[in-house]
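Dropping the structures in below, format is structure tokens.
Both complexes below contain chain A, partnered by chain B and then by chain C.
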Partner chain A sequence: MAFKLTRRTFLQSAALAAMSAPLAKIAYAESTLAPAALEAKGTFADETVCGGICEMCFWRCQIIGKKRGDRLVKLEGNPKSIDNGAAICARGNAGIQMLYDPDRLKYPLKNTGERGKPVWKRISWDEAFAEIGEKLGAAIKKYGAHGLCMFPHGASAKYPMQFFDNIVGTPNISEASFFQCRGVRDTAYMSSTSIPPNESVDMANAKVIFLLGSHLGENIHVSHIKNYIQGLQNGAKLIVVDPRYSAAAAKSDVWLAIKPGTDTAFLLAMINYLIEKKKYQADFVENHTAGLDELTVGVREWTLARAAAECDLPAEKIQLVADMLAENAPNVSLHPGRHVSWYGNDFQRQRALACLTALLGAYYVRGGWCPGKAPKVEEIGWAKSEHDEKFDLNIKEDGKRKYPFSPPGTPTDLIRDTAISGNPYPIKACVIWGQNPIQTIPDQEKTKNMLKQMDFVLCVDIQPTDITMWADILLPQASYLERYDLIKTGVQWNLADKHQQYIAARMPLSPPLFERKDQVFITNAIAKALGHGDKIPAESLEQLVDKSLAAAGLSLSQLKKEDGIHIQDGKDPFVIPEDFEVLLFNEEIADAGFPGVPTYIPVPQPPPGFARLVYGRVQVHTFNRTQNNAWLHQEMPVNPLWINDETAAKLGLKDGDTVGFVNQDGVKSPTTTIVKATPGIRKDVVYMAHGYGSKNPLLTVGVGAGVDDTQLISKASVDPESGTHGMRNNFVQLIKDGKTLDIPA
Partner chain B sequence: MPTIKMDSKILPILYRFCGQALRYPDSGWPMADLQTRFQEILTIVKADEEGQELSRFFAAEKEESILETLQIEYTRLFINSYGGVVAPLYASVYIDGILWGAFSETIRERYLRSGYSPDDTNEPPDHLATQLEFLALLHESGRPTEAEQFLAQSFRPWFSRFYQRFSAGNPHIFYRVLVELIDYLTLEEEP
Partner chain C sequence: MQYGMIIDLDRCVGCHACVIACKAEWDVPTEFARNWVRHLGPAKIGEEMAMSYYVGLCNHCADPVCVTDCPGEPLEVTFSNPKTGEKKTATVPATWKDPIDGTVQIDKSRCIGCGACIEACPYHARYLNPALIDAIGSDGKADKCTYCKPRFEQGLPPACVQTCITGARIFGDLDDPASEVAQYVKKGAVGLEAKGGNLGPNSRYFGKKKDMDLLFSTSTPELAGLEKAGRRALMAKIMQPAMKAAGELTVLGLVGAAAVKALADKE
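After this line comes the complex of A and B, so read on.
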């Protein structure tokens, strides 16, 4: 630009002097600095703030913050914690970077462009709520509450989810944590033991730890890893079943590089072997199971030899594992897994795992599956109400459930398909809260088509993930470091230690920056905008937490006095409830038309030239939640492709080469990653970490970094009992320098 | 050595004026007055081409659409944008790569040492407008030397990076003029 005057001349000009009064009229309109007491250099004291609960992943370690002035400079484990203790992981440390990420959402935004190609305009909260009230209200008025759907995730989504479920009354809510992660595990165990298993295995005191696909070590949750490492230090034998030589496999006594998708056959063969050889825990089976006869018949065909052929494993190795487990029973930890939405035959596999655990008598014993006895606090929330079943998409015309063993909510594809087809009714408004369906739900095009036909899309998040590009209104939420929230309860991490319980409530370690608000503020305002202000259960998140704590005789002020964590005497967890029973045969499942004993259902195999795409976690990321975190990105900027070294050599690939992908449906990855050629993976599988390759340029660190595996998962396999997604039945070829490479068999 | 006239009364007013123009253009924003003052300034500095461009922008559209255009542009340039935010208004982003980094704290300490404190704890202290206000306060309280030191030691090192990013982001004429004026008022001038 051409300012054709020196500044000196400009400042001394008469014309400018003449402007001073009108300039001053504007200049002094607002001020941000106020007079304050003079402070000498170096007088800032460091301060420790307690009461944090981490949310860089779902494990929720208890943390403290170190502040310098108003700035949070470091996060540490709360030394008072009997769970994670003073330790937190790399992601936990990087919470600071999340808090101060320049790309994070700061103000309410309105999309003045198209969905998918947004042009954002900052608006006020009042404008946002007025628009939400008008648009959501119009959709509900025109189409009914069932004309709205919701995709929630995480602690912050619970309160709004209850509102839309209980008060607005939509049945169309689908949580990724259920339908694309652990829901099938929970419903399978509920159908076997009546209890969702979480990850409650007492590995620290086990004689054998058995991991089916779990790659602990790459999958870091602090107290869980302490538990696992303590078990290994104590001499537990480790069995790892995984097509890949994972971090866990590297520490194993036995590694079984199983053919993907055949895990159930492997488990059934061990069950059959234990029954045949009478190597099961007879007393436990007698007293705490039902259906041994049906199970015996149901698994009879699964000889070691047959399983060996199906699973591509030596029969002796399957027998070895079965014997190791039997010889050390009942003190064996059969890990139920976490993210187990694999092949669309997952309900039966998880049932098999629950039943095998029963044959080994490994419930409520040292080293077995054993939930600690955690203290109770009260659930405060929106008043419950019943839905009109005629709008429940999971109920067929004959009144039966399509997916009888579905987790809570509605299976994702019932919502997406209904929204796209308009049959049996239109779904025209969508609320997405803390979830990124683009990178969690298979078949991205279907998700986009669902969103395109909506009248209104609302997103609430802390950062501009890929899904937020599809919002009409995008609201900035306070992060876990900036708000009150979740109450975490539990017991000491090692069940062999003195029995103790803890209660910790999330308290902010930093005030919310910019105009970020918590979920109670946002939900209450939406409730008022929709005419439900009279039903609000708490005026603030702080009040909600305080009310919940009151049931345990606690309050936030008391917790603050106790450095953020209340600790009290615990109870012996190794006491089996008298009525605890494992259904080896489940009549309800059989009556619903599914196998009542665990049954193996074969899965599709890779077509010639393709390999199965399998994905997992890494230590330094929590899927796409952390992809824009510069500190974590620095540690692992892309998600390398694991490929068998001999296969790589045949393809002319070497470590560090850059490759892209095309899948069985012709879906191409728009980005690339690097090759990791290794003998530690089967030839029919390739592997990468999940949660990379964001498409949203607002994420200036994560955009285009690595490959988005979810984009390549265009084919969703739906588990027939639960309606959850299996996401490992997709197959890929590699693209190198523009050429598509056939992967040799 | 810097050559800003030490006893200038107009300079702090100009700093403050630029700071107000950097506020988000909502309905209470003094758009008409800002337009007039900018046109006058551009006339004084003989930036005729820019003056005409700015004039055309304000003449071409209705007041509401002018405001919305500026709101969308402000959001794109300084807050969040589909193509990537162009140039956040916080110093620490350019020095530490993070909001409210160590440099933000350095800036806040600097305010405190001169007897001023940010009154909004939700806003990082190193916002461009806050720093301009601080410069104005130093001049108004008869501490031009401190202002010069702050400019040299704290302001220019990050502002020059901001300016580069901003200029590369194809900014709207209104914000181009504004940032250019800030640069003009804070740059060390050749003797």
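After this line comes the complex of A and C, so read on.
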């Protein structure tokens, strides 16, 4: 009984109290003196500190901190924000736990063990920089700048990336945000509309919102979600195409449980139908597109019936969706997606989406694709320079690009394969900055083999992610709450509201704790160690940001006076540039040997006994980077396996059963997760959230929690036009109680 | 006056911001929560597929079962309406329903941590916070959502409402027909009444029929077996004289109180 206090229960409850209570309360419990805070006071009366910009994900909501003494106790949306307002998501709220996470990196560390099995020794910053200078310097001297590769991610990696790119001069830089995420979207749209689309759809004012495999509602980007929900509240019809009954599908008017990988066929059938029935926006097509004739011929074979068979959908549903879009055009939001590196046929699918949007005339119109007119600021950084193309792995001997529509940087596998083979040249030093390639890049063994053959590996991060186990030197970086950063600009979240623009810069809400340093401090010291001290563009991050702000007639001190956000009058975004043109047929793509009109390329199908593994998001995590956050972990400690309920019943699996995995290449998951049996997923697919199953024991909260989907994605399907990684052509069987279960077709 | 909260499931995306904001605002220990988001489905509701969220918190019931058996020492308390200046005096134990604003509150300095109220609440909206300890409640104190009373008394929205990214949480006076919450009730927002109960939950839900059906079919609680709660309260009452003595003997401190408690248990 709970109130029967024995010595044992007393010790238990005291231990529990010690775990969960702030220090002040423990002191009270031990002394039982003054009547301390039995009633939490709330944070609303605490001091407010302005100027924060969140980076629990990359949407960068503007935040404020509540501070009690030296300690931040709460984060809130900046009430002045015209983007997220006073609201922030679960992760944003949980930033406090990131800041004070005892597992975070605190001091520079040197690996005195092996890569992958590190034994860490604390060293000074001076020792760290001496060693980095020596080892990186030696590799560059011996192998050239191209003997170095870099895997950067996020705001903190921008400055060092510019340094290694422009000053050191290596072309071998691969960003996960491009090659494993949205790069193929951007290059496909640029080959269609000349503009990367971001997620600039005016959903709040749309009559129809069309989502192709989107995680809206599971991926929480605050102003974007506000925009989407406002659209639904205003009466927009929602169409969701997804093999799974996703969070978005749950709010949809029409859900199409499409066969995975066939999305392009579905889009082409709608394009064909709109052209055949002359249901497209003729004026827009005439004035702002080129190549209708080629497109007409190119998609002719894609009748509704053929697409229905290919996509495993009723033909009348495809027609219904096409009609809904046509009847409500041009005020329709065809979402360009964000993470779209799916099947290795992604460039063509994204092109099809861009072309369908054009047929519907849904560019620069209310409810369509329309970027807000954000204010311009100048970015100060390292001086630009040209690379010697000789060492660009994406350029073939004939001078042509291997992946002509690659995003900026070098396609990941060109770097990994070159490093492992030594052909055409050795890559012997590796800098990893804010990225966790173990859980961003498919085929973990290849990444490990690349790292094993390096002469030197440097990692810079805020926390001991799995990749940091492979570092020789590991540097602790100040987090987004502990540093300045480059500028965030934008417009009010709903384009229908008064046109406004904002400029915000990240300012620290807490000084850096322990020996953490920001990216400018670290990069500048590396630059000096490598003999590039004379080219340093700013002495501190604060100065760098101030210089950039000066170009917009602002300063950090002015921004502070304005509570962290400068707001000014905006411009009407619903004006189509006269020269805006969508290439329905792109000659450049055709000349490069690829289909010039959007074309469907079928994807591999699961072998008997296997189901396709599809991964996604949960509301409380940003992939792997939030897994060690105690508050967020508490909300969703594992990533349940979604499996069709009838399939589960055939396998004798119930909700909550524990399962592991083996994939088509025999890769087994070292951890397990629980079953979620549901009618809301197709039988040929299983699904789990991405980013779980950390392996670094230093992440004491996240380690071993759930299953690492990336480990099971050992096959990377490289998109032929862009060189980006399709990751959804991997197939799994389940393991229950040591037995491998064949998944019935 | 009766404060209430509406959860608009059409707006909710199940992001858990409400849960984490509450944790930060009120020092709720990591492993506990004053509010929660449970993901429901996807499941078949009739012929339709549905997926939604059970976004829960204290219901500040019209007739709360959690306050009746509280063995905490009764105290005469004067409640006042900050708007009208109206005053009401009532003798209440350590947890009560506020006669002015209709919220259900706890006085932690009088809570002995017996757990009777926690057992009684069919929604599991209360938990024992082991971090809150004093001489009379050495196992911790009952804790729960207050509708952020200290915040709304300052004119601020509850922390969960302020951080809600889609405006899915709406707070206000259900008795004021002009309030947004009252408008929602008019449109059909309903509380999750316990099976066979008549508690009158004042946290209410609004959404599409299939989502509401999913919520109500999966999340309607049974009334708690009140015998257990009653037993707890009774035991606590028996112990009270000893506890009171211990409380007065602050020099004895926690260990002393524990000793007295252990004695009481033996008896």
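Note that in this section the second predicted complex is superposed on the first by the 700 of 745 C-alpha atoms of A that agree within 3 Å, B and C clash if a C-alpha of one lies under 4 Å from a C-alpha of the other, contacts with A are read in each partner's own complex, and residues count from 1 in each chain.
Please note the rule applied: contacts are C-beta pairs under 8 Å (C-beta built on N, C-alpha and C of every residue); 3 or more make two chains touch, one makes a residue touch a chain.
Computed from a predicted structure; not experimentally measured.
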Chain B versus chain C as contact partner of A:D579, first or second or both or neither: neither
Which of chain B and chain C A:L38 touches, first, second, both or neither: both
First, second, both or neither for A:D534, with chain B first and chain C second: neither
Contacts of A:D569 with chain B and chain C, given as first, second, both or neither: neither
First, second, both or neither for A:E397, with chain B first and chain C second: neither
Touched partner set for A:A630, first chain B, second chain C, both or neither: both
First, second, both or neither for A:A250, with chain B first and chain C second: second
Partner chain in contact with A:A86 - chain B first, chain C second, else both or neither: second
Common interface residues of chain A - those touching chain B in one complex and chain C in the other: 1-7, 10, 13, 16-17, 19-20, 22, 25, 28-33, 35, 38-41, 44, 630
Chain A residues touching chain C - in the complex, by the definition given at the top: 1-7, 9-10, 13, 16-17, 19-22, 25, 28-33, 35, 38-44, 73-77, 84, 86-90, 92-94, 96, 217, 220, 222, 225-226, 229, 232-233, 245, 247, 249-251, 255, 619-620, 630-632, 634-635, 678-681
Touch list for chain C against partner chain A, complex: 10-11, 13-17, 19-21, 23-33, 37, 41-44, 49-52, 108-109, 112-115, 128, 130-135, 138-141, 148, 150-151, 154, 156, 159, 162-167, 211, 232, 235-236, 239, 250, 253-254, 257-258, 261-262, 265
Contacting residues of chain B [partner chain A, same complex]: 3-5, 8-11, 13-17, 19-21, 23-24, 26, 30, 33-34, 36-37, 40-41, 43-47, 49-50, 68, 71-72, 74-76, 79-85, 88, 90, 92-93, 97-102, 104-105, 108-109, 111-125, 127, 129-130, 133-134, 136-137, 176-177, 180, 184-185, 187, 189
Residue numbers on chain A that touch chain B, as the complex places them: 1-8, 10-13, 15-17, 19-20, 22-41, 44, 68-71, 97, 99-107, 109, 112-113, 117-122, 124, 464, 469, 511-515, 630, 696-698, 700, 703
